[in-house]
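One chain, chain A, links the two complexes that follow: it is found with chain B in the first and with chain C in the second.
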Partner chain A sequence: MKVLALKLVLLALVDAVAVFAMSVMLLQDDYVLAGVVLVVTLLVNWVYLSPGLLPAKYLTPGLIFLAVFQVFVIVYTLYIAFTNYGDGHNSTKDDAISAIVGQNTQRVEGSPVYQVQVVESLAGLGLLATSPEGDVLVGTAEQPLEEVAEGDVTMDGPRATAVAGWTSLGMQDILQRQQEIAALQVPLSDDLADGFLRTTNASQAFVFESTFVYDEAADTMTDSASGIVYRDLGNGQFESGDGQVLGTGWQIVVGFENFLYPFENPRYGGALVSVLLWTFAFAIISVGLSFFLGLFLAIALNDPRMKSKFAYRVLSILPYAFPSFLGALVWLGLMNTEFGFINNVLLGGADIPWLTDPWLAKVSTIIVNVWLGFPYMFLICLGALQSIPEELTEAASVDGATGWQVFSGIKLPLLFVSTAPLLISSFAFNFNNFNIIYMLTRGGPRMAGVEENVGHTDLLITLVYKTAFEGVGRDYGLASALSILIFIIVATVSTIAFRRTKALEELN
Partner chain B sequence: MSIEIDPIAVDPTGDREPERRPAPQSRMSFQKWLRELGWRHLVGIAVVLFAAFPLVYVLSASLNPSGTLTGSNALFREVSAENYVALLSDPRRPYAAWFANSLIVGLVTAAGTVFLGALAAYSFSRMRFTGRRFGLLSLILVQMFPQLLAVVAIYLLMRGISDFFPAIGLDSLVGLIMIYLGGALGVNTYLMYGFFNTVPSSIDEAAKIDGAGHARIFFTIILRLVAPILAVVGLLSFITTMSEFVVSSVILTSPDRLTLAVGLFRYVSEETNTNYPVFAAGAVLAAIPVMALFLWLQKYIVGGLTAGAVK
Partner chain C sequence: MKHSSLVKAAGVGALALTLAACSGGGTPAPEGTESAAPQGGGELIVWMDENRASALEGVVATFEEETGTTVEVIIKDFNTIRDDLTTQAPSGDGPDVVVGAHDWIGKLVQNGVIQQVELGDLASDFEEVAVSAMTYDGSVYGVPVSIENIALVRNTALAPEAPATWDDLVATGQAAVASGQAEHPLLVGIDPNNADPYHLYPLQASFGGPVFGINEDGSYNPDDLQLGNEGNVQFAQALAQWGAEGIINLNISQDIAKEQFASGTSPYTITGPWNLADFQEAGIEYAIDPIPSAGGQPATPFVGVQGFFISQYANNPIVASQFLTEYIAGEEAQTAIFESGQRAPALTAAFEAAQSNEDVAGFGAVGAAGVPMPNIPEMDALWTDWGTTEAQIIGGQAADPAAAWTAMAKKIQGTLGG
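After this line comes the complex of A and B, so read on.
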C-alpha cells in the first residue's frame, strides 16, 4: 500500500511538471514540442499504471535521459553537419527578416507622439501606448500593438497608466532596466513596414520606420537609403547584385558543403591534414610510450623479493589519482618559458619555448600525457604479468630458455593478447584527449598562413571546440561535420583493431 | 580476473634500504643484489621522481608566499597559508562556490548514474522481453559516439531548452547533471549488467516464492548483493565528472556557477605567472577529495577498470 501511494505521488509530480512544461510551450506557440511532451507523459503514465510491462517500468527513467542527451544529440549533430548553422545563420528566414528590418530603424520626422507606460507580463516587456487620438493600445516586441477594452484601462489624465493583465513598471524598475527599455521596439501592426514604437524616456514614444523594406512577393530586401536591392539566392542570406551580403542570414540545409569545405579551401585543407596526422601521432605515441614505461616499471617492480615495492607502486600511480585537468595545469606552470621550474631551475635559466614552439609543444604535450597515462598502463601490465601462470616460465626454463627468451617469447605475447583491447580503448580515448591539449596549449601555436584558427598541437576534437565556440565566426555546421569525421575514424580504427586482436587471440 | 594490489603486504621495514635489511633467506652479496634487485630500485626511484615531482611542486607552490610563479621555484623555502587565504577571500573568484558546485554535480551525477543504471541492468539481467537483445546491442553502439563529439548539438539543445525553461538550460547545474546522466548511462549499464549476471537468479526466485514483489527483490536483495559494482560505478562517475571540462565549459557561464575545472582553468590561463600560486592552493584543495577517494578504494577501481579485459 505504501509503495503504491509513493508511486502515485511520484507519478503525480511528473505529470504536474509535464503539464507546466506544456503550458509554457503552448504560450510560446510551440505545438510540436508540446505534443511530444504530451505523448511522452502519456506513455510514462501508461507504463507505470498498467499492471504488466515490468521491464519498461525499470527501463523508462534511464531511457528518457539516454534518448534526449545521447541519441537525440547524435541525430541532431548529423543534421547540423548538413546546415550552415552558425554566427549569422542562427534562425529562420522570418526571424532574419524581422531582425534586419528591426535593426535598421530611424525616427520618422514629424510623426505623432504617443504617451506610453512601460508594462510587463509573462510575454515580456511591453508598451501601453495612448495615441494622439486617445486610443489605448498595448503590445510587445513580438506582439504588435492591439487596442485594449476601455474598461480594463486606468487613465491618468490623457495617459493610460495601467491595464488589466499587465504590471506597470515603477520608476525604480525603469531605471534598472533602461537598456532593455531603450531597445524595445513594438511593431505598429503585423506588417513591419508600418513601423515601430520606440521610447527613449519611458513616457513618450515615437514612430520609427525601417530603412530596409522586405517585398514578400518578389522576395527581396531593399535598402531605401541607398536603393540597393538584396535577393535570396538560396544561400541562406540576402545578397545584392554586386555581391554584398546582409549580416543576418538564416539557417538552411547546405548538403555536403561543410564536408567539402577543406577541399574548396586548400589552405584549410592542408592544415586539416596536418591536424589529422598529428592527432594520430599523438594518440599512438602517447599510448605506446605510456605502455612501455608502464610495462618496464611493472617488470621492474614485479619481484617478490622487493619489500618496498608497495611504496613505489603507490607513489608512481599518484598522477592517475590526480584529477587530469589539474595535472595539465600544473605542467603549464612547470613548462612556462620565462618563469617555469624546468627552464629556471632544472636547466639553470634556459629559455626553451616548451609550449610555444611548434615541435617542442608537440613533444611537451606527449610528455605530459605520458605522465598522466603511464600509471594506468603500469597497473594493467602488472595485473596481466601476475596472471601469467608460473608453470609456463618454469617449463620454459626447464627446457633451457634464458630469462630474455622466456620474457620475449612467452610473457610478452601473452601480455599483448590480454592488454590489446585496453590499448585500443586507450587509443580511442587519447584520440579525443581534449583536456591535455586545450589546457596546455589551447591547440597553439597558431599555424601561419591559415585564415581559420588552427594550431600546431590541435587535435581534431579541439578543432571542433574552437570552430564552434571560440572567436567571432562560430560555425556549428563545420564543427559538427568534423565531429562526424572523428566518429568515422575512431569507429573504423577500433573495429579493425578489435578484429585483429580477436584473430591474435585465436592464434594463441 | 581482477588485479590485486595488496595493501596489507607492506612490510613495516619496507621503506628502508634493502642492503641494510637482513634478508630472511640468506645474505645476498652486494653484487648479486645490484644485478638482481638494485636496478629495480633505480627504475622505481626514477619513475617515482617523474610521477611525484609535479605534485610536490604544486604543493610547494601553494605554500610559498612569494605571489608569483618565479617565486614558487624555491621549493619549500618559505611556508605560509597566504595563498589559501587569498584563494578563499576574493569574491571575484568564488572558489568555495566552484568547489561546492563540483561536489554537487559530481555526487548527484554519481548517485543518479548508479540508480538509473542499476534499474536498467536489473531488467536486462533478470527479465526476458522482446527488444532485449536489441536494447543491449544499441547500448554498446551508442557508446561509439561519445558525448564529447556531440558537444555542439548539446549546446544548441540546451540553448533551445533555455528559451522555455531557463532553470534547466544554459548556465544551470541541473541542466549539466541531466546531460551527464544521459551520457554515462550506456557504458555503466553494461558494466552493471555483467555484474548482475554473476548474482545467481535462484536467490530472487527463492524470494519470489516467499512472496516478495519485484520492487522488494530489487531494492532489498539485489542492490545489496551488487554493492561492489555500485561503488565502482559511482566512484568512476564521480571522478570523471570532477575532471570534465568540455561540456561544462560550454554550458556554464556565470562566475559563481562554474565547476572547479572550468573556474580554475579560466583563472590560471588568464595570467599564469601571477595567478599560479593561488591556483596551486586551489589545485591542492581540489585534488585532496579525489585522491583520497582514489587511493582509499584503488583496489576496487583498478579491479573495475580491468574487469573482463585482463584474463
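After this line comes the complex of A and C, so read on.
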C-alpha cells in the first residue's frame, strides 16, 4: 500500500511538472513542443498505471533521456548539416526582412525631436506629438500626422498628454504593448518620402526614413536611394542583378552542399585528409603508448617482490587526479621555448620549439596526452591483472613455460578480453580530445598554403570548433557536416573493433 | 487489494493539478494594490558579465524603484555573450539588453540580432570616439559605457624619463639589459603561433596606413583593404628586425609579460589598464606614456569601447530603451562601471571626473589619439592570418618579411572579395 502511494505521488509530481511546462509552452504559442510533452506524459502515465508492462516500467525513464539527450541532438545536428546556418544566415526570412528594413531606417539628419504621448482610438494606436515649436499633431500608421485644434488638447508643460476623441495610454498599457508601440510608424505626410515618426521610449519621437522597401508581392527588396532591386534567388539571401548581396540573409536547406564543400575546395579537402590522418595517428598512438606504459607499471607494481607499492601506485595515479584542462595549461608553461622548465632547467637552456615546430608540436601533444592518459590504463590493467587466477601462472610454470611465455601466452590475451572494450572507448575519446589540443596549441602551427585556418596539430574536432565558432564567418552548417563525418568514423571503427573483441572472447 | 487503473489515474490527475496550481502561486499579486512604486510591472532581461552586474546593482535597483520594472540580470561570461545572443535571440526567449564590445556590432547586425539605439541629443554628451565606435553603417547601435586602449607602461625605477623616440626606448631598454638591471628591453605579450595584431597595432600604425580605408564620415570601408599598403610592408620588415634583436619576443605570452613586468625585469611594457592592479600589488612604480613612433607617424592604438545593446527580438523594447538612454547613459552608471574595472567612462562628464585618476588620464590621453577598432564584420577575416604572419616574421621563419606580408594581404583580399 505504501509503495503504491509513493508511486502515485511521484507520478503526480511528474504530471504536475508536465502540466506546468505545457501551460508555459502554450502561453508562448509553442504548440508542437506542448503536444510532444503531452504525448510523453500520457505514455508515462499509461506505462506506470497499467498492470504488467514490467520491462517498459524499467526502461521508460532511460528511453526518454536517450531521446532528449542523444537522439534529438543527433537528428538536429543532421538537420543543421543540410542548412546554411551560420553568420549572415541566422534566422527566418521574415526576421531577415525586418532586420534589413530596420538597419536601413535612419533618423533624418537635423530633424526635430517630438515629445509624444501614445494614444488610441478606433483607428488603432497613434502618436500625439508636440513639435519643438509647440504645434500639436496626431496620427496613426495609416493616417499621417495632422494638427489638432488647440481647444481639444490637454497640455502638461511643453507636452500634450491628451486629446479629445483619443484615449491616452497609461504606463501600464504601454508596457503591455511595447512591441506594438516600438513598431508603430506614423508618417509625417501623405508622401512616404517625408519620413515617419517613431518612438523608442514612448515619450520622445524622432523622424526616421527608410531607404529599403520590401515588396511582398514581388518578393524583392528595393533600395530606394539607388534604385537597385535585390531578389531572392533561392540562396537564402537577397541578391542584386550585378551580384551584390545584402549582408543579412536567412536559413535555408542547401542539401548536400556542406558535405560536398571539401571536394569542391581541393585545398581544404587536402588539409582535411591530413587532419584526418593525424587524428587517427594521435588517437592510436595515444591509446597505444599510454596502454603499454600503464601495463608496464601495473606489472611492475603488482610484483610481490616490489617494495613500497602503495606509494608508487599513488604517485602513478596522480596525473589522473588532475583536471585535464589544468594539466594541459601547466604543460603549456613547461614547454615554452624560452621560459619553460623543460628547455630552461632540464635541458640547460636549450632552444627547442616544442609547440611551434610542426613535427615537435605533434610529439608534444602526444607526450602530454600520454602523461594524462596512462594512469587510467594503469588502473584498469592492475585490476585486470589481479583478477587473473594465480593457478594459471603456476600451472604454466609447472608445464615449463618461461616468464615471457606466461605473459604473452596467458596473461596478455586474458588482459585483452577485459580491457579491449575500454581501449576502444579510449580511442573514441582521444579521437575527439578537444581539451588538450585547444589548451596546448589551439591546433597550431598553421599549415601553409591553405585558405582556411587549419593547423598541424588540429584534430577533426578542433577543426569543427574553428569552423563553427572562429575565423571569418561562423558556419554551423559545415561544422555539423564535419561532426557527422566524425560520428560515422568513430561509429565504424568502434563497430569493427567490438566485433573483433567478440572473436577474442570466443577464442578463450 | 485490486485498484482499478482508472481510479489510480484519477487520483494522480487530481494530485497533479493541485501541485501544478501550487507551482503557479508565484505569479505577481494582482495589480491595483496601492504601493509607493510607480505603476509598472514591465520586465527586462539583461545579460551582463559579473563585474558590470555587481557595479550596476545600485543603478538597477534605482531603475526598478523608479519605473516599477522588474529587472532580471543574467550573469554571463563576457566573451560568450556575442555567440549566445546570435544563436538564442531568434527564438524569442533571449534577453532584451546585453553588454558587449563595439567590434561585435558588424557581426551582430549582419545576423540581425541587435537594433539601433537612437541617442538623439544624448550623443553629444559622450566622448566622440565612443559614439563613433558604436556607429555602424551610419546608425548608432549601442550606448557606450567604457573606453579602453593600450599604452606604454614604464617602470620609473628602470627608466626615469619617458622615451622621446622609439630609438630612445630601444636604447634605454637595451642599456638596462646590458647593465644587468633588467632582462628584457621591452615586454609585449604575444602568442608563439598567432602573435597579437592588437598589441602590435600601435607600432604598425606608426609606419602607415590603417587596415581598412576610412570613409569621409570616419567609418571603415570594407571594400578598401589597406593591410598590404607600403607603410604596413615596412612594418613587416621592422618586425623581422625586432624579432631578430629580441625586442619583440614570441615566447613572451600575455601572462609572462605581466608577470615579468611585475617582477621588475623590464623598463617597458605595452599593455592595457587591466594589468595595472597586478603591477600595483607587486609594488612597481610606473608611469603611463604614449607609445613612441617607430615609423614616423603617430603610434595610435586601437580603441575598444564597451556598451549596451538592445536585441532585435526584445520583448520589452520600450523599457529596454528607457533603461539604456536614461540610466546606463547616466553618470551614476558610467562611474560605477568605471570604478569596478578601471576602464575610462564613455560619458564626457564622468570621463572628466575620472581624469583625477592618473592612470585613467594617462591611458585616456593615448586613447584620445587612437582610432576605434573596426567594427565591420569583414574584420573577422583579418585576425588569424594577420597574427600567424606576424608570428612567422618575428620568429624568422619568413625569409622575406615583405613578401610574406604582401602574400598575407593578398590572401585576405581574396577571402573578402570571394
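Just so it is clear, the second predicted complex is superposed on the first by the 338 of 508 C-alpha atoms of A that agree within 3 Å, B and C clash if a C-alpha of one lies under 4 Å from a C-alpha of the other, contacts with A are read in each partner's own complex, and residues count from 1 in each chain.
By our rule, contacts are C-beta pairs under 8 Å (C-beta built on N, C-alpha and C of every residue); 3 or more make two chains touch, one makes a residue touch a chain.
Here the structure is a predicted model, which is why all the values come from computation and not from measurement.
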Partner chain in contact with A:Ala12 - chain B first, chain C second, else both or neither: second
First (chain B), second (chain C), both or neither touched by A:Asn336: both
Chain B versus chain C as contact partner of A:Tyr312, first or second or both or neither: first
Which of chain B and chain C A:Asn201 touches, first, second, both or neither: second
Which partner, chain B or chain C, touches more chain A residues: B
Which of chain B and chain C A:Lys411 touches, first, second, both or neither: neither
Touched partner set for A:Gly473, first chain B, second chain C, both or neither: second
First (chain B), second (chain C), both or neither touched by A:Arg267: neither
Touching partner for A:Lys362 - first (chain B), second (chain C), both, neither: neither
Residues of chain A that lie at the interface with chain B and also at the interface with chain C: 28, 336, 338-339, 442, 469
Complex interface listing, chain A residues touching chain B: 3, 21, 24-25, 28, 30, 33, 54-55, 57-59, 61-63, 65-74, 76-77, 80, 85, 293, 296-297, 300-301, 303, 305-327, 329-334, 336, 338-341, 344-345, 371, 374-376, 379-380, 382-384, 386-387, 418-419, 421-422, 432, 434-435, 438-439, 442, 461, 464-465, 468-469, 476, 479-480, 483-484, 486-487, 490-491, 494
Complex interface listing, chain B residues touching chain A: 1-7, 9-11, 13-16, 18, 21, 36-37, 39-41, 43-45, 47-48, 50-52, 54-55, 57-58, 61, 68-70, 72-73, 116-117, 119-120, 122-123, 127, 129, 132, 135, 142, 144-157, 163-165, 178-179, 181-183, 185-186, 189, 213-215, 218, 239, 242-243, 245-246, 250, 261, 264-265, 268-269, 272-273, 276, 279-280, 283, 286-287, 290-291, 294-295, 298, 302, 305-306, 309-311
Sites on chain C touched by chain A in the complex: 1, 3, 5, 8-9, 11-13, 15-20, 23-24, 31, 38-42, 68-69, 83, 86-87, 90, 92-93, 107, 109-113, 115-118, 120-121, 137-139, 192-194, 249-253, 256, 312-313, 315-319, 321-322, 325-326, 377, 380-381, 384-385, 388, 395, 411, 414-415
Chain A - residues contacting chain C, complex: 1, 4, 8-9, 11-13, 15-20, 23, 28, 45, 49-51, 87-88, 90-92, 95-96, 98-100, 102-103, 105-107, 113, 170-172, 174-175, 178-179, 181-182, 199-202, 204, 206, 247-248, 336-339, 355-356, 441-442, 444-446, 451, 453, 455, 469-474
